[in-house]
Each structure stands twice: as structure tokens, then as C-alpha cells.
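Comments concern the structure below.
Note that the chains take the letters A, B, C and D in the order they are written out, and that residue 1 is the start of every chain.
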């Protein structure tokens, strides 16, 4: 397996230089673009990795999968009163659809949807970010994971569009808590620093019918696990979910920090990372690596 | 297997009466709503069916999968210049997105996308509908299949919205042939009458790496097959693709005639039919049957 | 007065070369851009003109005011069931609003609205274009006016977007007649050739409480006249109605042939013409001439 | 004149009961709906009024005309870099257009536009609300005018949608100051309490070529005055500007407190007030009174 991963790394490394590191906040713009790592964790506990798989990066939108999981554990089916399950067909931060659809975001993986999910968790936990950090540390089996305050403060400073979305949902009665407080927690979650190995392990429950081998915890039921994966497959890659299904064929979630997680149901959880993004905001080399992997092993679920 | 299918039929039959038969044209409105059939065709050639699985119905939008397959065989990757691969996030017949995105439909399964695909096939074949009919007859192993002229004429009479879409694409330079001529062929394809067994057999190649067992034909390559299934999974169920992934977890395509086809990759092709539709235009009892099937056998690809 | 007009001509002539002649159909693209004319017709029958005021041009969208007038005479207030009276806030040929507002166009001066008005006149007259031509000839006092068949045929050939709008309205039940037939008449009306003097005289009734001095005909009531002028002031200049109110301050209507008519209520009717258009599709030199006229004589109604 | 006003009052009083008092904040919902007042101030200093013309009410969006005037005095033509001059064709508080048009609001009279104008004034004055209050007191000739803190606090509490708009503009770089601070001043301006006589006098400069007779101040130039009136005529009545031009034919501005001001250029300024609103958010009896006035005296500028 690691030989295959090395050949893939060799194949996609030359793409570095053709994308663009996220630069909407200074704290992310400074990342060295010339990095690539991949980790694969199998349901039987084997771990494979190549490249900078131990280098921490900002998980950003990948945190939305943790938030959704936490909310599903507490709210169950009720949560779908406040957020939809359909692809958006619009950029991840658009307000147009949100206004037409009276403040109910299309799915939990666009920003508006993740803000509503954060608002749900905010209503539930006394210290929402700490609850989330604890949850992530446990799933990853890494008690040292933490949020990067420089990044989260910078996100907060440039919060205007997310604030706009949160206030619009509040205007439609779909936001319970103080907007500023929820934004702080939301950005703290996005700013968690993890590496490929952490993320592959943390999401292994999605490949394993909801079971997390290293904690012995049934994180979600088997049915809920297929549901989360179904949502990831249809809405996890911003405006590129269809393309990802076409090229890779796995449930996945990307972040503007350059990470992408992908799930091979019943077999593996994968995390690939490379900071440069394509035009849809997904890791350029990461997408290419997952496509090569899918082509060579025939891992598409389809 | 047939016992399971019978128990599912028993479970979903009571739903009949809660949906609404498509009534936008008289020829469809007259269908007896109290019907249900299901057929499953396995890759090893076994066929299971219960209910009215031998009763013909109007395949309607399910024909879009045949059109796409035919176009992919001829145009390959080039076809994606003219139609996208992303979920639309809008009703199947909306013009809003089409105008904002300068005449490139989001995917081949919304009406605008299927019209472009029909336009491609129109440029290729001397008699586009006959080429399509031949292709479908071969895949289904049924040389008697034909289009219902009463239905296709009625569709043509009420063509206004589809004509509007086709002309809008023509205005953007994304429509090559005469609008009226393409519409006639498009409606003839939609009006094909087939039963559950025909459709399960016809789409068996999507469950079998592109190979059609009963004709011995490699319809699509293995890679193309996963690609079509990936597109079906993200865009096949109108505005309910996410919900279908969440509840059923299989690539699928529905039609307003009440049919739904679904693919269990590497194992089975399924067709379920019941004429009453839910609010998203998908067969109410059909969706419920597929969900029950998915829950009981754990067939979700996710 | 003619001295003032000459000074204005001198002032705006240098703008020619900075705009762009309409080129969406070949028949219009061939017009010599270096032309400018203006005619002012006073309620007491005096006529002033400079430049190429006797040169015929394609009236295009200015014909929408004739169509509206004819429809108001026959349908009165009833006509507002089928077309609105509000500015569109969208390009003149957009379908987005039309879909959101279920086939009721915003006002009679955007294309969709003018098509509905043409459809009304089509239901009323045996030969709709001839009725319209007769009406225009009478108002202009010029029995030789006719439509340019080369232009109207060319418009018809490139009818795709207008056909798309008409079919969309038909889909919503707001179009009574055959789409192709109405389009033919609509394009024949747009292709009428008239000069500045013809148009200034033809619209003199809008400056004269509905009365046409040279025919002795009360074309509209006094109240209807202020209503038409009110609609022209809020919706007559495509996407530039607000700017026209700000810069010129008169009810007016433009056409892509480069003509603009403007009304000084109770005093004058004006027609200015120069083929090059600005980015909003209004005559560049024409707009400048009307602004200079408004500034120098203080003719703004505001 | 007062006899005419009394006959109009008699005619429209029966309409009270058919509209609906603004109830989006409690402080406005409590107003007694059974009230009507009108005041007309002529350029020669005569004042006519009937009904509750001395009863104070919340001026709400009418304040947007004061804000625009103040900004025009300071920024001149430069201000149009940040706000457009076109009718919006959308509800007054929509974010859709604002997102498509990258944060530049359509005109200064929709909420987003007024927020940008408030932001401009905020950058200019040390105490923006006090500067505005001083300006209004002077124009109205009433040093006792003040803002209703109960109303402005209530507006602030329910600020979500306005906050959403302000943050969206900030995200596009079209908002300079702290969102919360500008909102406070904006709501304080909206919550000014004035009566019909105050408002008729305060806006007399718009009827008098920019000159305010009772202060002897040239508030705007003659040209700027026609420009403000032109914008009021095309964008002053929310989604009903075209209908207002059709029915009334005067530049005007309404507020959800039930007030409407209207200008008869070179002759009169008018303020009418009645708290119940029609479906577009404009005073029901107020609109009817202005239409009756326009019909009986023929005051339409068109």
C-alpha cells in the first residue's frame, strides 16, 4: 500500500504550483504551499502514510463533519427541521438560496448549514468549543490537539460574510444563540490543527459502521453512518460534489486548509493534504491523489 | 428474495392514496394509481419480481439515463463541454440557473441537460428516436418496446416550458438542431413504455461494470460505469438527491410515470414502480420500498 | 430653439466613436454609426430639428409604446392582469424574474412585457401588424411608413431568447396565441423605419394630454396619458431608468436602433437619434443630448 | 384648498380597517390605526392641513431622504461609487440583489442603500445622529424634534436582517464603520417622531429648487434637487414606485410608520399620514389620498 501511495505522491507533486493557497485571511495565506501528505487507516487498525502526514494544518471545513456528528448524537432526526439534506448548487457562502428558502440552509456542509449546526451544539453544551475539542481529541486518539488562536481570531476579524448569514437566519427565526458567541466557537472549531494521521483515525468510525476501534466507542449507529456518508457524497465537496462523485466516487469532505477526508465504506478512512486549492476551493493535488487512488484500486463506491 | 419483496410490497401498499399521479398532461393523469411492482435482476442472471412488474408504464425521465449512455459512447469526455456534472439545487425545470450559467445546464438529468444530450444525439443519428428505441430494445432484451404516441403528442402539445429551455440554450449557442425536431424526439423517448422487468434488465450493465450479460455487450467501460453511477447518486432524483442518498444510499433515477431505477454496484439492478408521486415528483411508494429494501439488506453503498 | 439644438449637436457629436452599434443581428450592425439627429415638436405645432432628423432608422423598442397605447385603448385597466407596472431591476431580456413571478412580466417595456402586449393585440386584430402600422402612420402623419422585412426576418432568425420568454409565459398560462405568429408581428413592429420627425409627431399626444393635434384625435384620455408617462419615467430606459430620471428627468423610451423619445408634458415631444449605444443599450450621444437639453432649459419634470 | 383636503379625508377615512399597522416591532404595533392627517406647504409659505396633522408619528424610512440629502451635500457625485440610482425590482430588504451586485445597493431608498448612506455620514460626523437631528430640526423649523428611544431600541433588538445586509456589504468592502454603531444611528434616525406639518415644511426645499424658505438656506442646488426628486420618483415607494407614478405621478417617499411625503415641483410639499399599510408596506389611506389629490387637481408631473 505505501508503495502505491508513494507512486501517487510522485504523480501529483508536480501539480503543486498550479493552485492557490487560501488567502482570505492572512493566517492561512502564509502556509508553505509545497507540501503533500496522505494517510490511510484501515478498519483492522493498519496505518499507511507518505509525505507530510504528520504535519499539522488547519482543518477548517472538515470540522463541519465533527459538528454534524455531535449534533446527530444529540438531536437525531429532529435536527433536520433546521437544516436540509440537499446539495446547494450554489457557492458555499451564498446568501441567495438562504433568503429564498426562508433561512433553512440546504445542508450541514455549506457555511450557513454549519452555522446552524454550531448554534444547535451551542444550545446544548456549556462550553461548546471545549466539548467539540474533547470529542475530536478522543476520536483522533490525540489529547494534544488544539485550536490555533491566531487563525480563529483572524477568521473572526474577517467574519463579515459568516455574520451576515447568521443574522439572516436569525431574522428568519432559525438561530437561537448570540451570533457573535456562536461565531467565536465556529471559528475555534475550524481552526483546529490536525495532521493526516489524526484525521484518518478520527473519521475511521465512518468507514466502520459507526464504530471507533481505538476508543471502542459506537460513535453513530450503523444506519446513521450510512446517512452521514450519503450526505458527504452529495454535499461534501462544495460546488464540486458531482465532479468528486464522477472522478473519485467516495464520500468526502474538504477544507480550505487543503485537507480532504474520504471514506471507503467498510474498509478505510483516508486523509490527504496539500495547501494549494483549485477554483472550487478544494485541494488541487489532494483531488488528483484521490482520483489516482480511485482509478488504481477501483475504490469508487459506484 | 421474493419473500422479502413481498413483505416490502405489503408494507408500502398502504401508502397508495397519499401521493398524486402526474397530471400535467391528460395522457398521464388517467393512470390507475393503485399499482405497485418491483423487479430485481442480479449480475448472475437471476430475476426476482412481485406485484405489477410486467405492467408497462411511461418511463419518462428514466429515459435520460439511456440518452446519456448513448451520448457518452459517442462523445466521451467532450460532452462535458455542453452540460455540467453538478447537482442543480433547483427544480428540474427551472430556467433561473440556466440563465445565470449562460445556457450550460447543471447535469444531464434535469430537463435542460437532457435536452442538450438529446440535441447531441440528434446531431449524430439520422433517426435519433429510432436509434434510441433500438438501443433500449437491445438492452432490455425486448424487441417489442415502443413509444406511446398519445403520450408523446400530448407532451408536445404542452411543450411550452421545455421549448422555453431549449430556446434559451439556443440563445446562448448551446443548441445545434431545430428546437421543434429535438423536442419531438425527446418526447418520443420519454414516452417509451416499459415494465419493471424490462428496466431492471436494461440497466443491468450499470451494476455489472458496464457489461450487459444477455447481449454480451460491453455498453460502457468499467470507469464510465462508475462515473454514470456517481452522477446518478448526486443528481438522479430531482430535488431529492440528498434525501435519496440519506434514505436509500444507491445511485438511482426516477421518472414522473412513477418508475425508479436503482443500482447496487457489482450485484443488482432494481426497478420499482408505483404511479403516485411525492412532492418532489418521485414515486411515493417506490421511494418507501427502496428505503425498506436498503434498511433490511443494508445495500447502501455508503 | 434650433440654435440651441445646433449647439447641443456640436457638443455631443464628439462622443460618436465611444459607443457601439447594436450587432446582435447583421441587419442592424451595418448602420453607419456617425449619425445624429434631433427633432422637437411643440404642442402649438412648431417643429424644430437639426442633424439627420429626416433619416429613417429602425425604431425597435420604441414600438413598445405604440403597442401599449393600442392595448390600453382596447383593454383599459384589465390589461394590468397580465403585465405589471413596476421597474424590473433586471436586464430587458432576463427570464429569471419571469420565472419567479410566474409568467407575469414586470412592465410593458421589457421584452417579456411587450410580448404579452403583442399577444393581447394579436387576440384583438385580424391583422395585428397592419393595424399597428395603420395606427403609427396616422399618428406620425406619414402614410408611407413601413417595416423593414430584412430586419424583421433577421430578428426572427435570431428569435431564440424572445421565443424562450414567450414559451415560458405560455407555460404559465399568460400567452394566448401561437408563439411563432406573435413573434412575427412583434418583430415587424420593431422593424418599422421612421425618422426623428415622424417619431416626435407620433408621440405628440403624450405631451398634449392625449390629444393628437394633426389628426384631431384624442388618442388616450388625459388621465391615461399621465399614466403612460409615469410608466415611461419609471421603466422606459431598460436598466437605466433611475439614471435617466436623475440626468434628464423626462418620461422617455429608447430603442437599440439608437432612437430615444422623450416627453416634456404639456409642452413638447422630442426624438433624438444616434446609432451607437452605451453599456445599457441606450443611445450614447442621444442620452448626452437629452441631458444637455435638460440642463440648459431646465425641462426636468422634477 | 382645505375644503378639498377635507373632502379627500372624508373619502379615504372609510379605508381605515382594510390595511395593517406595521408589527415587526412591538413599539410600532401599538399605534392606534384610526388616524389620518395631511399637510400641504406651498412655496409661498401657506400651510394647509386637516385631520391629525399635528400628531407625531415615527418617520421611519422617510428619514432616508434626509440622510441622502446630508450625504449629497458632503460627497457630491462621489457618493454614487457606493450606491446605485436604479429601482431595485425587489423587496426593500432583500439580500439577493446585493449579493449578485457585489455589495453595491441599487439605490439609497432600500434598506441596504440607506445603510451605506448612514455609513458615509458616520465617517463624516463625530456624532452622526445628533448631526442628523440638528439638520432635521432646522429644516422643519422645530427645535423640539427627537428620536423615540423605545422604538429605536426595539428596532435594534430586531436588527437581524439589517445587520445581515450591513455585514454582507462589509464582506464586499462597502462598509467602513463598525456595523453595530452604524445600526444604532440608523435606527435613531428612523425613530424620529414628527408630524405632517413638520415633514411638509422640512421637505419644502425639494419643491422649491433646493431653497428652504423659513431658514433662508439653499439646502441643495437646483440641479441636485431635480436629481433627488428623480430618484424619489423611480425608487421612493419600495416595490410600488411604478404604481405610484401611474396613480399619483409625484416624487415621493413612504415609511412603515404610515407617513408619505410627496413633492409637487415648484409648488408644494405634501405629507400625508395614516398608520395602516397596504401589502407593499405603504400607507393605504395615504396612497388613496394622494391619488385623489392628483386626480382632482391634476398635479401629476407627467
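Rule of thumb we're sticking to: contacts are C-beta pairs under 8 Å (C-beta built on N, C-alpha and C of every residue); 3 or more make two chains touch, one makes a residue touch a chain.
The UniProt protein names, listed by chain, are A, B, C, D = Glutaminase.
Given the structure is predicted, the values throughout are model-derived calculations rather than measurements.
Chemist: Compared with subunit D (Glutaminase), which chain's mean CA position is the farthest off?
Modeler: In terms of C-alpha centroids, the chain at the greatest distance from subunit D (Glutaminase) is B.
Chemist: I'd like to verify one number: the distance from the centre of subunit B (Glutaminase) to the centre of subunit D (Glutaminase), where each centre is the average of its C-alpha atoms, in whole angstrom.
Modeler: The computed centroid separation for subunit B (Glutaminase) versus subunit D (Glutaminase) comes out at 55 Å.
Chemist: Roughly how far is subunit C (Glutaminase) from subunit D (Glutaminase), going centre to centre by Cα mean, in whole Å?
Modeler: 32
Chemist: Please compute the C-alpha centroid of subunit B (Glutaminase), do the same for subunit C (Glutaminase), then give the distance between them in whole Å.
Modeler: Chain centres of subunit B (Glutaminase) and subunit C (Glutaminase), defined by C-alpha means, are spaced 47 Å apart.
Chemist: Check the chains against each other and report every pair that touches.
Modeler: After working through each pair, the chains in contact turn out to be A-B, A-D, B-C, C-D.
Chemist: Okay, in this complex, where on subunit A (Glutaminase) does subunit B (Glutaminase) touch?
Modeler: Residues 84-90, 97, 106-107, 222-223, 225-227, 229-231, 233-235, 239-243, 245-247, 249, 251, 263, 265, 295, 298, 300-302 of subunit A (Glutaminase) touch subunit B (Glutaminase) in their complex.
Chemist: Using the touch rule from the top, collect the residues of subunit C (Glutaminase) that touch subunit B (Glutaminase) in their complex.
Modeler: 94-96, 99-100, 159-161, 163-168, 170-171, 175, 179
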